[in-house]
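After this come two complexes, each holding chain A, first together with chain B and then together with chain C.
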Partner chain A sequence: MSDMLSAAFITVFIATVIAQAMPLLLAAVGETIGEQAGILNLGIEGVMLVGAYTAFVVTLTTGSFWLGMLGGAIGGVVANLAMLVLNVWLGLNQIVIGLAITLIGEGITSVLYLQNYTKSPASLGAQPKLPIPGLSDIPVIGPALFQQSGIFWICILLALGLAFALARTNWGLSTRSAGQKPSSLDAAGGSVMRTRSIAVLLSGGLVGLGGAYLALLTTATFSPFLTNGLGFIAIVITMLSRGRILVVMITSLIYGLAVAIGPALQVIGFTVPADIIKMLPFLIVIVMLIVFARSSVVPPALGTPYTRGAR
Partner chain B sequence: MNRITSGTSRRTATRLAVLTVSGALAFSLAACSSGRGGDDSSGTETSSAGTTEVTQFALVAPENESDFGYNQAGIDAANGAAEELGIDVTIVPDAGYDNIETVLNQVADGGAQFIVAHASGYNVGAASAAAAKKVPILIQDAGADENVPGQIAAAKPEGQEGGYLAGVAAAMSTTSKKVGLVLSADNANWFAMSSGFAEGVFSVDPSIQVLYTSVGPAAYADAAGGKTATEQIIASGADVVFGMGDGATHGYLQAIDASSGVKYIADIGDVTPGLSDPSKLLTSVRWNYEPAYVQAIKDVDAGTFGTVTYPVDVENGGMYLQETDQMTPEIEAAVEKAKQGIIDGSIVPTIATSAAEVAAVIAAKGA
Partner chain C sequence: MTTTATTDVISLRDITKAFPGVIANDRVSLDIVGGQVHCLLGENGAGKSTLISILAGMQQPDSGSIAIGGKTVDISSPKVAVDYGIGVVHQHSTLVPAFTVLENLMLGDTGVLQNKKQAAERLEELADLLGVQIDPHALTSDLGLGQQQQVEIAKAMWKGSRLLVLDEPTSMLTPQAIEHLGESIARVKAQGLAVVLITHKLREAYAMGDCVTILRGGRNVGHIGVDELASYSEKQAQDAILSAMFGDDLGAAGSDPTAADLEEAAELAGATEATRETRAIDFETRPVRLELRGVTSRAGGRDIEAEDVTLTVHEGEILGIAGIDGHGQAALAEVVAGQRSAVSGTVLFDGVDITRSGVRGRQQLGVRYVTDDRLHEGTVGSMSVALNLVIKRIGQKPFWKAGRIQQKAVDAEATRLIDEYGIRTPSAATRAGTLSGGNIQKILLARELTNGARLVVVNKPTYGLDLKTVHLVREILIEFAAQGGSVLLLSTDLDELIELSHRIEVISRGSLVGGVVNDGAGTAEKVGHYMTGAIEGTD
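Up next, the complex of A and B:
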């Protein structure tokens, strides 16, 4: 067993943890912004798939991973328009709309993929790496952490920037107010509709970006139902993280660890049933729910459409 | 924006939105229905079991030919059998696993006089459909005790034989003395191929290490999981990887593409189009169902369908290694010798039926 734990193996293991964590991180950050504004989007599984498929098609067409990521974000925004119009503007039930978005996203992407790529399956290849001078030469950790693509670093900066903006800026305060007590925001002269609309669109873009990362960098291809429940895990992680994006980052890494450890245990010689391997990430999320459920706090106005003057 | 949220305007807008969404959904459903109906266009006569001469048959598969594997092999074989016999075939791909009895009934109603239910997960539904519609159905991976004269017979791949040949090729190609197995599901055929593969490797060199990993119990289409598992097995030193998976194969191929100095052995289908560098493909354990389908259709014509199981094995050419430039004359000679051993019965690879049994074969090191 010990001869299996080579530097190359540990490097790949760490890189796998990161690759699995990043799509979840982006999706959970998007969901966090939505939830902080009072919008519970159960449709992020579908939004991720739309983002993933759009990114896949754009990258195949243009050959550019960067344009693919942009396409994924736009796809996510477009998919979330249903939540914007039907919930924020028209006040329909968030849960029903969210589930509908999931089902529609799964269906549309599967149909389009099967229609367009059945006869000529396509793969994207690897995104060029951006080694950070000095750091990328550190044994084991260097190649795993500091030889990532530029997209990885942009996504990390985006998450950190949003963490700051949500906690320390007027926009963040308005967004949180829209989820905590929208009538106060309204009374203070802010627009609940505009704040929630921006949050939903931004949320869609980030969730789409998560799907794009999954298709372009984690998997390097698209297949129907690629997300495999990742969107729902993002919702759980968002609720457990209480709006703190740094906690979202840590829990996403724990998820990545859970995904990566199953095959790793098998390779180094443990006979682990396949059911356990597949179950492990979900099991860990359930354990986290049990342990931290009491401390999870959601915005009081979460899931409640805002109607001016309503009691 | 605020004005729309209150009063009559809001109610009207809500109704309009609901009507629009409902209309769009109805239109989509109608489009989907017409798409499926298009597959049933030829022929309306429902055949009966017995001595019907088959002029059109159908194959129902859970996925489509883009999996480079099981589904591709079934669809290719059905098209080949139709061409060989000069009859019509209707392919119904992407049928999934839900409500399969309904799908089979619809295919029978559409005029198919013989149906290939191309997944072992279809066997129960196929038995019911065959009894209800009186249409002979070829099921997968079942024992002879499940045959029903005139209604049900099974095609039975002998995966351990193909796996053994692949193991010989892998052992003669590896330089790191480590080879890997990646499975996307707990599948009887893949366990059998895995045990055969390990024994084939050890028949050449018992000192070679065989690494094993599984993506999940039913992760057939999990490309992301397949990529992760393959990357880790390569990182642990394996320079020949034998991958078994349907849609998960996309993930295996991405990992192989991104690696250097690693050869890939595919299963069942031809994965060459999925690799940016085809020289990374050592070979593929190809499954050819065509002889089984042709014989089954002839047996339907003769009224003897359901009395025998149709093997897909090395002896009848149903299982063989794909020729590539990476298969050197030395490797081909060793594979040919092993093939003759399987045919004459001097080599009988173990048929593992679980991951634990595969692990036991690997631990035994060919002893």
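Up next, the complex of A and C:
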């Protein structure tokens, strides 16, 4: 059994953790931005699917993973337009709109995929690698961490950048106040409408990017209901992380670990039933919920549309 | 110093603003001059808040104009107001509790990165000007109300200001904090800024104001200029203001208001220092109605809980609980009413341990609770007034028989209570939610005080009501106590507590920190001392 724990095995294991964690990480960061501004987007599952499908189609047609990721982000932004118009501008109920977006996203992507691609199931092939000189030569960790696609690094930088922006920029301050107490932002001369609009679109872009990562890099294909509840897990992680993006990143990695550990256990000889392995990530999420749910804190204005001077 | 003081006159001309069903401002005109404190007086609903919302850019007038230094301006949004140097401290805090002081002050800044250094310098400058000390890194929710208000004032003056508007700034403050506020206002005035002070308390207007404008029913019904006010004695000013404020209601039309009328009006308007005639009742000799022994409450929420509370309320006694809003009042009220469970300690009612009995059981013993959330917890807005009046007796005879509602019995009871408590409603079948706040409060009181009430817990009973209803509600409570009922009165209004209570305990962070027997002058200061001591840690 010990020879099973070889360098190559660990390399694959780490790479799997990352591949599984990244889509969730991006989606949860996107959801965090939205929630900090006061918009609870239950449509994230649908938005992810739209992003994934758009990315899949773009990459399949152009052959470029980068264009695919861009396409996924744009797809996410477009899907979130519904939330922007119906909720932020018109003040309709966020939960209803969110569930509608999820259902529509699931439906549309499934129909389009089955229409266009079932006759000749398509795979995207291997992603382009970007070995970091020097670091990628480190044994075990090198190939796992430092031979990732450039897309991986851009996404990580994006998440870190947003963590910084939320804490240290005036944009971040406005965004957080829109979720905490929109009337304060309004009274301070900021625009709740504009702040929330930007947050919703940015959130859509990130969630779409998460879907794209899932389709292009994690699974290298698209299939109906590809996300399989990942969007809802992102909502859970967002709420447990209290708006701190660094915590979101760590929690996502734990999820990635949960997904990767099952197959790994099988490889090293534990005979675990496949059903249990499939359940593992969800079990971990449930356990996290039970343990941490009491400490989950959502912004006070989450879910409430803002009308100036409402009386 | 970036505070740019100008002596430009801000003139409001014929401002009219209507909301569905009510004209909030009806052709209001007034001039606001730099270096003066302009008091805006009037009852609740007189249109004061609407007028300043318009100045702050939160509302747009239907007609009328605003000019600054002779130039007509269009204050189309709060941002425009800030650009014109109009800073407003709203009655309800506009600070984000989860932000630090600095973050709150920087909110609305432009530029990409937060400039904490510059903000801290500006705060220091303003703190100097106001004569206060503010910790820039403290979390806003950790500050006492007086300090939060200082932050609000700093925020209003953040961009350099020509006009500072304070909306009911003293309503939640301790006497000591009010004194601090008065000093700060004087300093701001000395800088040449105009200050508009909105209040419904006459003695504040006289003490702090240079000139006074009185609003009633949305109209400007009287103005006392600077020289005039300076020449008046406090009594003269009071009479002049009161006859404007209550005009037609005082005496018969055409005749001069009588002295007695003025006195009553003065009392209504809180003109006089609230005092209570101490009645020579030794409550120690009376039986104890309610006793709490070391009660600590627990609920799932994030409320402050009651911590180790020990108190007694005697028969016929009104025990006031003073404290800053949100310091465990709701928990204390609910633990007595049975809506929240006690994890430790004992609740005794007439000597019987009721710690484990529920709401229904306590109610039948005579324990009643008038919540401060009268619109949501207190009434079901979509149900009729009649049903709301009997809703706490669901399933009980004679209103319900074999699970069926007995409409006749319900209507009879409703009619009785509507008459007795003077609830103004078109009919017993009217939906409760369509009534005014004052009438909804009367529904609650009628429901709780009828049918064998022996102890009533009231939380902020007059919050947001018009002066006449306030008066009425207080009368009802005094009458209830005079007939042997006991009252546990939780309030944030110190004047109210002093007017009604026999004793006052101060609650802070869920614990009682001190008690005062309400026996005449000095009670307010003593209570205020406990409040500040507990909160600011400067005991």
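The criterion applied here is as follows: the second predicted complex is superposed on the first by the 310 of 311 C-alpha atoms of A that agree within 3 Å, B and C clash if a C-alpha of one lies under 4 Å from a C-alpha of the other, contacts with A are read in each partner's own complex, and residues count from 1 in each chain.
The definition used in the following text is that a residue touches a chain if its C-beta (ideal position, glycine included) is under 8 Å from a C-beta of that chain, and two chains touch if they have at least 3 such contacts.
A quick note: this is a predicted structure, and the numbers were derived from the prediction, not measured.
With chain A as the common reference, chain B sits beside chain C without any clash.
Contacts of A:T304 after superposition: neither chain B nor chain C is touched. In the overlay built on the shared chain, the residue A:S174 is in contact with chain C alone; chain B does not reach it. On the chain A superposition, the C-alpha centres give an angle at chain A of 130° between chain B and chain C, rounded to a multiple of 10. A count of residues in chain A touched by chain B and by chain C gives the higher number to B.
Judged by the touch definition given at the top, the superposed model places A:Q147 against neither chain B nor chain C. Look at A:G190: by the touch rule set out above, it reaches chain C but stays clear of chain B.
Minimum Cα separation between chain B and chain C in the superposed model: 11 Å. For the contact definition in use here, the residues of chain A common to its chain B contact set and its chain C contact set are 191, 308-309. Chain C contributes residues 19, 53, 56, 58-59, 77-79, 81-83, 88, 90, 94-99, 103-104, 106-114, 155 to its touches with chain A in the complex. Across the complex, chain C is touched by residues 168-174, 176-177, 180-181, 183-191, 300, 308-309, 311 of chain A.
Put simply, chain A touches chain B in their complex at residues 4, 6, 8-9, 11-13, 15-16, 19-20, 85-86, 89-92, 107, 111, 114, 117-121, 123, 125-126, 191, 193-194, 197, 214, 218-221, 223-226, 228, 259-260, 263-264, 266-268, 271, 273-275, 277-278, 306-309.
Interface residues of chain B, counted against chain A in their complex, comprise 1-2, 4-6, 10, 13-14, 17, 21, 28, 32, 64-66, 68, 93-94, 180, 183, 185-186, 211-217, 219, 221-225, 227-229, 231-237, 247, 250-251, 253-254, 257-258, 273-274, 276, 355-356, 359.
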